[in-house]
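You will see chain A twice below: alongside chain B first, and alongside chain C after that.
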Partner chain A sequence: MIQDKRASLAEAASLVQDGDVVALQNMATQLAPMAVVRELIRQGRLNLGIVGLLAGIPVDWMAAAGVMDRFIGGAVTMEQFGLCNRYRKGVEAGAIRVEELSETAVNARLGAGARNLPFLPTRGLIGTELIGMDPDNLRLIEDPFGGRPVVACRALVPDVAIVHAHRADRAGNVQLEPTAEWPDLGIMPKAANRVIVTVEEIVETEVLRRRPDRTVLPGFVVDAVVEVPFGAHPTSCFPFYGYDSAMHLAWVAAARDDVTTEQFLDRYIREPADQAEYLRAVGGATTMLALERMEHA
Partner chain B sequence: MATNPTEVPGYGCTIDELMVVTMSRMMGDDTRAFNGAVSFIPVCAYLLARRTHAPELVWAASSIAIDADPKRIPESTLSDALWDGASMLSNSPFDFWAMAQGARYNTFAFRGAQMDRYGNVNNTVIGPYDKPKVRLPGGGGMADLSCMIPRIYLWSTTHDPRTFVERLDFRSGIGWGDGGDHRERLGLPGGPQACVTNMCVFDFEPESKAMRLASLHPGVTVDDVRGATGFDVLVPGGEIPVTAQPDEEEIRLLREEVDPTGARRREFS
Partner chain C sequence: MDKRRSLVEAASLVEDGATVAIGGLSMNGAPMALVREIVRRRARDLTVVAIVAGMPVDWLVAGGCVSKVVSGLISFEGLGLAPHFRAAVQRGEVEVEEYSEHTLICRLQAAAYGLPFMPTKAGLGTDMISMHPDTTRHEQDPSTGEHYIACTPLPVDVALVHAHSADSQGNIRVDPKLIWMDNEIVNAATTTVASVEEVLPHRDFVAEPHRTTYPRFMVDAVAVAPYGAYPTANFPRYSYHAQFFADYVQATRDPSAWAEFWQTRVVGPAEQGDLLDANGGPNTLIDIAREA
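Our next item is the complex of A and B:
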């Protein structure tokens, strides 16, 4: 008998405690587990440390809502939509501390965490000032085999990893459509102590068994799986739908000012009771159809 | 977002087009390139080089989509709309980073909010790291790629003293380091080859590895470049050449095939 990992967003988000280190899937405007991010904001979580490779709007929303106080990762940007100004203000005001890593250092730290190794090396970072800023986690070391020095990146084991994917079954086996794979799904859930997955659809296990090569995460490492259509919105879930340019632009405009920031958070995050209400608030079926056609570009 | 591009006097093209063509001509059949975020100028340069003198050039769109051939350049150079026609969507940690760290990719173009005379860049902070005046996005992959990839190209559409500075507030990507043989002593391959700006082209003086004026775009003087650069620009003796004029065919291909919607002008907002 397989264990049923299906949960509501509220139940899934309750796996995240105040102060946790949370690994968050995202690549600029692509594939972030936004429904869980909104739920964490609604539940008023505090002092989260967010781990990200190239994080965008989810980190800006969490910074705006005051749920995070650390960022550990490569960069925070909404690419063509610009800097994440609420995150930036938080850092400049001292409310958010940054432990900046390069991309290979993020991969190495989480990869070591996933493999139960004390560290993994990279040839990145050499000659930059980033090594010196983080001596607890990054050290330039000699190659024991006589080659050039490498940077040892200390294992990072997040309390929770949160990712979004195309489909799963009730046991939490997770499948991805053929797509560009950033490190997040391959590494974050394997490094973290608890794993939350949202998916576009939950299907019968038989459906997954037709294409086991597309399964990227076995159910036994997943703690909660939640069906959330358009769960990555306003980021993209290629090849199902693109990112929402209008929503990014609306956020950029709102984020310029404290009052409009709060109004935005209320309207799109705090007030909609569930995903269906959220989708109505952001334009409903018309918007979703346009995003499925990838009209953003 | 895009503003009206500046005409290049006498060249029948605009400054974005001159920059793309100039960078394109620096690429060859042995170029194996990829690109990061907001990299319209290099993306156009790779695609143009592939259509003209370097048909064998390899380009991985967004560092992911190998040999992509998009019908137009979308508003992002990092996301899916750039991936059309790819022969492979590579997986980032195991495909892309293996080929980057192994220098199977050999060419990368990047830039920073600040750049210094040795082609080091800052995308991390203005002011102290722990209490920044401005928190920038972060170095991301650049902090790795700057020390892995042998042929580095820099570009800037905002040639001014805020961008080209005497001293970086933070070194988040390495060019020639402290100059001279510093990069080599660190065991890092190659280094910056050139920097293409909206005013001129810099190369790097072979001994000191400092930026040196290689050519001026039409209408720009040495004093203009000096005034717009926060460090002392190396100016070789004799007449400084004018940046070569693009061919009609290069301009046609760029306008009609590579980038028909003018996405490259997004870098000039």
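Our next item is the complex of A and C:
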């Protein structure tokens, strides 16, 4: 008997509790689970710890809305669109604590969580001060076989992992179209206690079976699957659509000032009642068609 | 750089005394054409690493090429044990270093990542650890008190894999990507030698980069070998040849029958086409395609 994992955005977001550690898929301007991020802001979550390999606009929005108080990860940047200034401001004001790791160390910590190990070793980080900055989670240890020391990266088990992908069936088997596959999709859901997946479309299992090699997550690791077309917007979901440059630039401009920041959050995040209203607010079909042609990308 | 080589040239990259890892899984996707050339050139003193294998290891042992086997399991599954491997181990001619599949993968990953060890919880509570004190050690994490096994790296000189296609530069496709655990041995190996069903134009690889399984910088030589996994399977094109396995096991029961079988159906045929003709020719090819 296949369990139906389909849920609404509101139901899925309710799997995240105040204070949870939440791992977010995202590579700067690419493939972040933005619809769930907006829903968490709308629901007024508090004190979230966000884990990201290389996070961008979702973390800046969450910092601006005051739903997060710590970040564990490699970097937070919108690349060519600039720094994430609301996140930066939160860190500078002491409202957001940062546990900075190299990307390899993030993967090692989540990888240890995924494999139910106390730690995974890495040769990365040796010779840097990152080890001394995070003695609770990174430790130089001796090789039991007498070789050179390595850095033990303590297991990180997020309460929830949230990812976006191209398609899934109702059992939560998730497929990714041929695209750049970042390591976070493969590791975060296996490390986390609960997993939320948004997809461009929910299809019959039969459709997945035509290309079983494209299934990247089996349904048994997934707790909720939500169909959200353009669910990664304004980040990209190649090859379906590119990232929205205009939206990133509008955010960068709005984020310079507290009043315009609040106006932006109201207009694009708090006021739209559902994904269709959100897409209308960001430019409707004209924007969607342009993003599909990847004119901005 | 053109990495295409003949089967003979590609097999010659395996030097006597080398540690050779064999791809495929049990009845599937083994690099049999390359293994056959290694046997034909009478390689000696090889250490063979195979996570789960059958026929390729049995051929190498029957050919007198092997001094040691590092593996999780060597068998023909439902078609029996691997007879020459079993006999050689019983006679003490081949040393066996046995691990769980997962421990073996951890050792290969430690080699691939350049780490002194890879931890795992698989194997805790078994005698496997005490059988290999030099390579697997029971440890306790000082901060959490959790127990784990530290697995040393297993360096591999040459990985041998069979795949569906390549371009002349050595980009390799396993297509669709049923790669078993071959990626673990390719990542761990200093040299990778692949046999492929066919060579495609480089532009095909550029047009669909996501279908490249091993990029050219990880691959040292590519040999074209249609049905190069025969008598093991290479889905979706052909299944394993159950009749070959049955005849093989039957022949090992009688020394003279074995000598003839080995000569006429394994090492004697000169080219890949001759091998297939010696084993039923077109009828066999049709059968194994239908079985797939």
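Just so we're on the same page, the second predicted complex is superposed on the first by the 296 of 297 C-alpha atoms of A that agree within 3 Å, B and C clash if a C-alpha of one lies under 4 Å from a C-alpha of the other, contacts with A are read in each partner's own complex, and residues count from 1 in each chain.
Please note the rule applied: contacts are C-beta pairs under 8 Å (C-beta built on N, C-alpha and C of every residue); 3 or more make two chains touch, one makes a residue touch a chain.
Here the structure is a predicted model, which means the values were calculated and not measured.
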item: Touched partner set for A:154, first chain B, second chain C, both or neither; value: second
item: Which of chain B and chain C A:249 touches, first, second, both or neither; value: neither
item: Touching partner for A:46 - first (chain B), second (chain C), both, neither; value: neither
item: First, second, both or neither for A:2, with chain B first and chain C second; value: neither
item: Which superposed partner A:123 touches (first chain B, second chain C, both, neither); value: both
item: Comparing the two partners chain B and chain C, which touches a greater set of residues in chain A; value: B
item: Touching partner for A:10 - first (chain B), second (chain C), both, neither; value: neither
item: First, second, both or neither for A:281, with chain B first and chain C second; value: neither
item: Partner chain(s) touched by A:95 [first = chain B, second = chain C, both, neither]; value: neither
item: Touching partner for A:213 - first (chain B), second (chain C), both, neither; value: second
item: Residues on chain A lying within both footprints (that of chain B and that of chain C); value: 122-123, 148, 178-179
item: Chain B to chain A touching residues, read off their complex; value: 1, 37-38, 62, 64-65, 74-76, 78-81, 83, 89-94, 97, 101, 123-124, 129-148, 170-174, 177, 182-183, 186-188, 266
item: List of chain C residues in touch with chain A within their complex; value: 113-121, 134, 137, 139, 141, 143-144, 146, 148, 150, 152, 176-178, 208, 210-211
item: Interfacial residue positions of chain A with respect to chain B in the complex; value: 27-30, 53-54, 73-77, 79-80, 83-84, 87-88, 91-92, 94, 97-98, 100, 102-105, 107, 111, 122-130, 133, 148-149, 178-183, 186-187, 236, 238-239, 242-243, 245, 294, 296-297
item: Of all residues in chain A, those that touch chain C in their complex; value: 115-123, 139, 143-145, 147-148, 150, 152, 154, 178-179, 211-213
